[in-house]
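Please find the structures below.
You will see subunit A twice below: alongside subunit B first, and alongside subunit C after that.
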Partner chain A sequence: MRSKNLLFVFVLIATLALPLGAMAQDDGERPLIGAWDTCADPMSLSGEVKIGVAFAQSEAAAIYGVPQQQAVELAIAEINESGYLGEATLVAVTEDAGSTPETAISAFTNLVAEDVSAIIGPTLSNQAMAADPVAFGTERQESGDPLIPVVGVSNTRTGMETDFAASYGDGGAYFRRVSLPESKVIPGTVEQVVDILGIETVGIMYSDNDQFTASAYEVFVSALEEIGVEIVATETFATGDVDFTAQLTNIIAAEPDAIIVSALAAEIVPLLEQARSQLGYTGPIIGGNGFNTPGIASEDRGAGTDANGVVVGGAWNVARQNEISTAFTAKYEEEYGTPADQFAVQAYTGTWVVATAIRCADSADPTAVLEALASTADFETPLGTFSFDEEGLPEHEPVAQIIKDGQYLLLTEESAAEVFGE
Partner chain B sequence: MGFISDTLASIGLNEFVITLMFVNAILAMSIYLTLYGGMFSLANAGFMAIGSYVSVILTQNHDWPFLPAILAGMVAAGLIAIPIGLPVLRLRDIYLAIATIGFVEITRIMILNFDKIIAEAYTRLHMESEPPKITNGPLGITGIPVETKLEYLVVTVIILSYFMIRMHRSRFGRALAAIRQDENVAASQGINVVYYKNAAFILGAMMAGLGGGFSGHLSRIIQPGSYGFGTAVDILAYSVLGGISSWYGPILGGLALTALPEVLRPLKEYTGLINGVVLLIFIAYLPGGLGDPALWRSVRRNMSRMVHLINKGKTADAGA
Partner chain C sequence: MQASNPVLKLKSVAITVLVMLGIALLAYELPDILDKKVLSPEQHLTTVIWVGSVYSLFALGYALVFSILGVLNLSHSAVFMWGGYIGVMSVIRYDIPIYYTLPLAMLGGGIIGVLVDLIAFAPLRRRNAPRISQLISSLGASAVLVNLAQLEFGTSPERFPRTTLKELPYEATVARPYTIDWLGAEFRITPLQVSIVVIAFALMFLLQYLVARTKTGKAMRVVAFNQKVAGLLSISVGGIFRLTFFLAGALAGAAGVLYALAYPSLTPFTGDEMALKGLTVIVLGGLGSIRGAVLGGLLVAAFEVYATAIGYSWLKDALPFVALFLILLFRPQGLLGEATVKRA
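And now, the complex of A and B:
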């Protein structure tokens, strides 16, 4: 009786293990993404290579964190099925980073205890400022444990690299991100917009009590100075305001070629309605990252056609697709039933960047992974050709988009002419 | 010790979480004092912000050692509580709650715009030098070294607990209890109501300032947004869940409410839901809170009854 049971268990294990073994040997179909030829197949990697994944799965930021987590899982499945890491399998150790700095610190504390080779996350920039140092900050340096690279995929706060370097010395270099900070998106976008629309003067409106809008304003100003566009009016408002007519009237009176607005989604909708419907402004409105939510142009909850002529820069647009991006979005939609957004694309890219670093380092050692990570250059991703510049900041071409009837179109002379009817 | 911390870490209570639990226990105790005096004040999130910012600015910009900076933050919160308490404590019940929420919001917005106020003052006074960046507005202060250690917190909680136990039996404590039951009667019996209410308010503010200083040196970043209405409600929830019928209630509440979401962390998007359900059950079935002495008495009674029954069973077995 007992031996029969044993035999049964043995057969069961064998049947279950068979497809696994077959999968490990089968190279599967090679995904379009990956440094297949730049780096040779890793020879010394084997067993499991663990990476930590910490995104907001609960509370307010889960709206971004859930697609991020899904995209990472999809990327890891691709990496393992295609044998990208040779004999080794990439394993995600997942923690819910919540939506506050404290929950992210706790998640990171759990992850570093698991001896991961790198950590991807967290979702929000202020969580990153609080939690990332768990992996490479003073306490970690003093404990003598290896520092662990942290790769942000949605942290867009300006100057995180320099802030970390100032606080944690060489440990700061363990922070990397694939998400373009506003300091990279805005100059690239402004340049394209000014060029295509022929802008010489602008008026600026921004919310001065929010960290994103305030820092974006500063980046706008320096980008405009760089290319010699004159700022003819500046007005501020507060997050939570509902009436912007006074500020808009002042700005429109200065007759700028375009209005730049740095605000969050909640203020953007009434602001657009007041500028277009009440004050009759028809010129271009250039927005910061807050405009990157399709909701602001929706007919029922957003500004509808009042959002026409809004120009916004972003890291990725569904319209500017390369082959890798098309393949990913199709696969993502098939797997999860919802279209991929910018957060998913960036998380997918981040996972592949980390996996590539592990492949090229041919090691799971965090420091070796960081070295390979830092030398990432000309890597083809859904976001375009991706590199880290000499300061360690991510680099790829941002996209300038223009809104027309709820759609985010690529900004070109044709699409601009269509919107402004010239 | 290692075994205990490993076991706790395995259920999600790593060292950071345990430290945070004790910080929140201190914050919960800070509101206990005002509640004990019958004052429904939510101002402590504001005092926490003041303690946090003052102590962090002192350690970061002025190279103060940690402990003096924390104490300075505590004193600063206490000093600001004096002019706030005098007018505001004339209000009662829900009106006091609303006024103190106002204070929390004003504090948050003041911190948010502090650099601008300074810059404005510089231009008005025709000062030549560049105005300093002190609170760094909405971006907050980052890269704060982690100085808060569990030992400090445990010692602080023990010291505060000692004061609480002593307070109950002191003139001060009895006066507060009398004011809670009926302010007019207390006054008619010669209790200086204004004095005692303000004293409790200021002491509570100092404790909140102390908790704020500890929390500021724990999470590496402080931002005005962390000290809003949500925090005020959290602090209140700690002491409500813990119960205010005993001094240890708020401590239990602070510890439990911080630990609960961490233990539930593997549930991901259901964390908040289950957390809420657990809270509802607790509040519905334990209106006196976790620290309700009556609850513990009945637990003890039931336990001894059970022990008694078991023993009886044993003797019966032996008899058979």
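And now, the complex of A and C:
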């Protein structure tokens, strides 16, 4: 009799607690990011929705590509666990895009054969210029196969949208990116740096055989001209070079207030060590987007303290977080044991932007996905409030940062004084 | 008589046109070049000496094998890259103190060199295969070595961890450089740069001593002169070949470690760029000449650095090849090489 009573009480408690538990579970699983209310739960989607993912998993650009891949996997797990696409499951078809245009082209060729709804990647701008047309270029247009939207998450070369539109007409509109182009990041950064550090003259070094670094150089020059900063020396080098002492010697001898460098990660570490440790340069070094990875300032494998005093504009900084990025970075670090960098945050954002387009279109059809992508506006992301402007360019607020002992601090007069000891 | 040969006539016309084009270009740019003030020339000279010493040390391996076997070993650059990896990985993976990396890489490079001889050269020599076959075989060996490195180490740039560099005396590279004021010229130099130059030149002198002054060196020279004569003198020709490959490999290994110490970006493809530079160095200096390789290394570094110094950094990779072209035109045996005399 007593055991029957106990069983009754147990069943009663369990029945009452069930909805509470389910509610708690729902709230716990729903990520902070997502157009949960703006777009209704998709009704037509079912089965697997495939998206292509092509980042550099080998060669020099793997320094960026590996965190990108990890962030995408984390986002897809969240999307599927939270039922963001209703009955459908988002599946990533992954290809290693390598670090050259050729390897990216072959990755994209494999992906379009898989009938994906969209492609995320590749890592480098010059890879994107070569490989993206596989998804929407002339050949694809002539074949009659549906064009596939490509979402770049780290392509920051200026003018990619207009170049694609010029070459492929309407097909060019299938290119979208969540990564701010240098044309949107650099002017703001330069203005802040010049103002805070009181810079009047600069020397510039850039790699002239890479589209991304060469276009960043041009943006730097026009931004400097606009605010009346004098360029006292300009030097070039090639991607893959390891010795920059001759160029640095010239620049340092011209005694600029700061050195501007537009280079990729593989060149940045030797360049910083040669400027600081070999030639004793202690002034500010202003970098393009290539400097936006903690690997540069890593004490063991990067340039360590030689990266102190590097100023870099970026799309995101760990010191300027919103609640979405705080949640993401914590989860990323827990999952992979390393702190998330800007590239990981952008890749995570890009995946959610694509998933949101699929949700809002309530379709896996690439053209419907593109239409929904294009109308992305005021979407809350780890990068801030994100929209595409009328020209299809990404929009959110950029941030100027300064490196000190491996940390990317927000650039302020205080943080600058801390680094340069003024 | 020669001028009537149409091929030769065409060749001399082509050379004249090229030289005139070169002169015109120089005349056009000369006012600009003269107008350029080379900023801190003494600092540029420092760079030439230390970068050039690594080039020379690397190229010596080419020169050594060529002088004894009369054939280029194109896998030398891959052995160089492996030397760098042996050094870096013995520190990263096995916590071996950085001091031991140089002898380890020399030993490892030497062993790889001997293996290359046994697999890629010896079987062809036994069959009296033409030299071009040996050249191509060594190119294959190079591709295999690069692919093996890719499989084993991946393709992301590797480096000696900065923390281990601090084990070196005076916290080389991580410390601020010394500023030296000498006869009014001021230049900066790090202890690491000095060590690299000293080690490179010490190894080059040792090799020169070994070849010129020792019994083994004499045997090597006899083999280089004529293998049959060497056989008659009871010199083990095969042994000398293997020793030559071991020494060349050891030099490549040493250059690899010095390179990895100097530049924090070692990849399986690091050797490829050095391969071209090394070939330029030995052709400039004189194929098969040890002193020529040293001079060539410094010259190639000088061309690269001074092209940048006078504001033509975009020309720095092309300039050594322009010099190479001119040398081949006017002194095909190289600066310190001896002209080949055809014997009856």
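Heads up, the rule we're going with is that the second predicted complex is superposed on the first by the 260 of 422 C-alpha atoms of A that agree within 3 Å, B and C clash if a C-alpha of one lies under 4 Å from a C-alpha of the other, contacts with A are read in each partner's own complex, and residues count from 1 in each chain.
Keep this in mind: contacts are C-beta pairs under 8 Å (C-beta built on N, C-alpha and C of every residue); 3 or more make two chains touch, one makes a residue touch a chain.
Owing to the predicted nature of the structure, the values given are computational and were not obtained by experimental measurement.
> Check the residue A:Glu182 against both partner chains and state whether it touches subunit B (first), subunit C (second), both, or neither.
In the superposition, A:Glu182 touches no partner, neither subunit B nor subunit C.
> Check whether A:Ser58 is in contact with subunit B, with subunit C, with both or with neither, and answer first, second, both or neither.
Both subunit B and subunit C are touched by A:Ser58.
> Going by the contact rule set out at the top, does A:Ser215 touch subunit B (first), subunit C (second), both, or neither?
Only subunit B; A:Ser215 stays clear of subunit C.
> On the A-aligned overlay, A:Gly240 touches which partner chain: subunit B = first, subunit C = second, or both, or neither?
Second partner only, subunit C.
> Touch test for A:Glu395: subunit B only (first), subunit C only (second), both, or neither?
A:Glu395: touches no partner chain.
> Which partner does A:Ala266 reach: the first (subunit B), the second (subunit C), both, or neither?
A:Ala266 sits against subunit C, while subunit B stays out of touch.
> Determine, under the contact definition given at the top, whether A:Glu299 touches first (subunit B), second (subunit C), both, or neither.
Touch status of A:Glu299: second partner only.
> One more residue to check, A:Glu78. First (subunit B), second (subunit C), both or neither?
In the superposition, A:Glu78 touches no partner, neither subunit B nor subunit C.
> Once the two structures are superposed, pull the subunit A residues common to the subunit B and subunit C interfaces.
58-59, 62
> Mind pulling up the subunit A residues that touch subunit C in the complex?
Within the complex, subunit A touches subunit C at residues 58-60, 62-63, 99, 208, 235-238, 240, 242-243, 245-247, 249-250, 252-254, 266-267, 269-270, 273, 277-280, 299-301, 303-305.
> Show which residues of subunit A lie in contact with subunit B when the two form their complex.
Within the complex, subunit A contacts subunit B at residues 57-59, 62, 66, 95-96, 98, 100-103, 105-107, 109-110, 113, 126, 129-130, 133-134, 137-139, 157, 163-164, 166-168, 209-211, 214-215.
> Which residues, counting only subunit C, touch subunit A once they are in their complex?
The contact residues of subunit C facing subunit A are 39-40, 43-44, 47, 51, 154-157, 159, 161-163, 173-177, 179, 188, 190, 193, 263-265, 267, 273, 304-306, 308-309, 311, 313-314, 316-317.
> What residues of subunit B sit close enough to touch subunit A in their complex?
For subunit B paired with subunit A, touching residues are 9, 12, 14-17, 20, 109, 112-113, 137-140, 142-143, 145-146, 219-221, 223, 226, 261-262, 265-266, 268-272.
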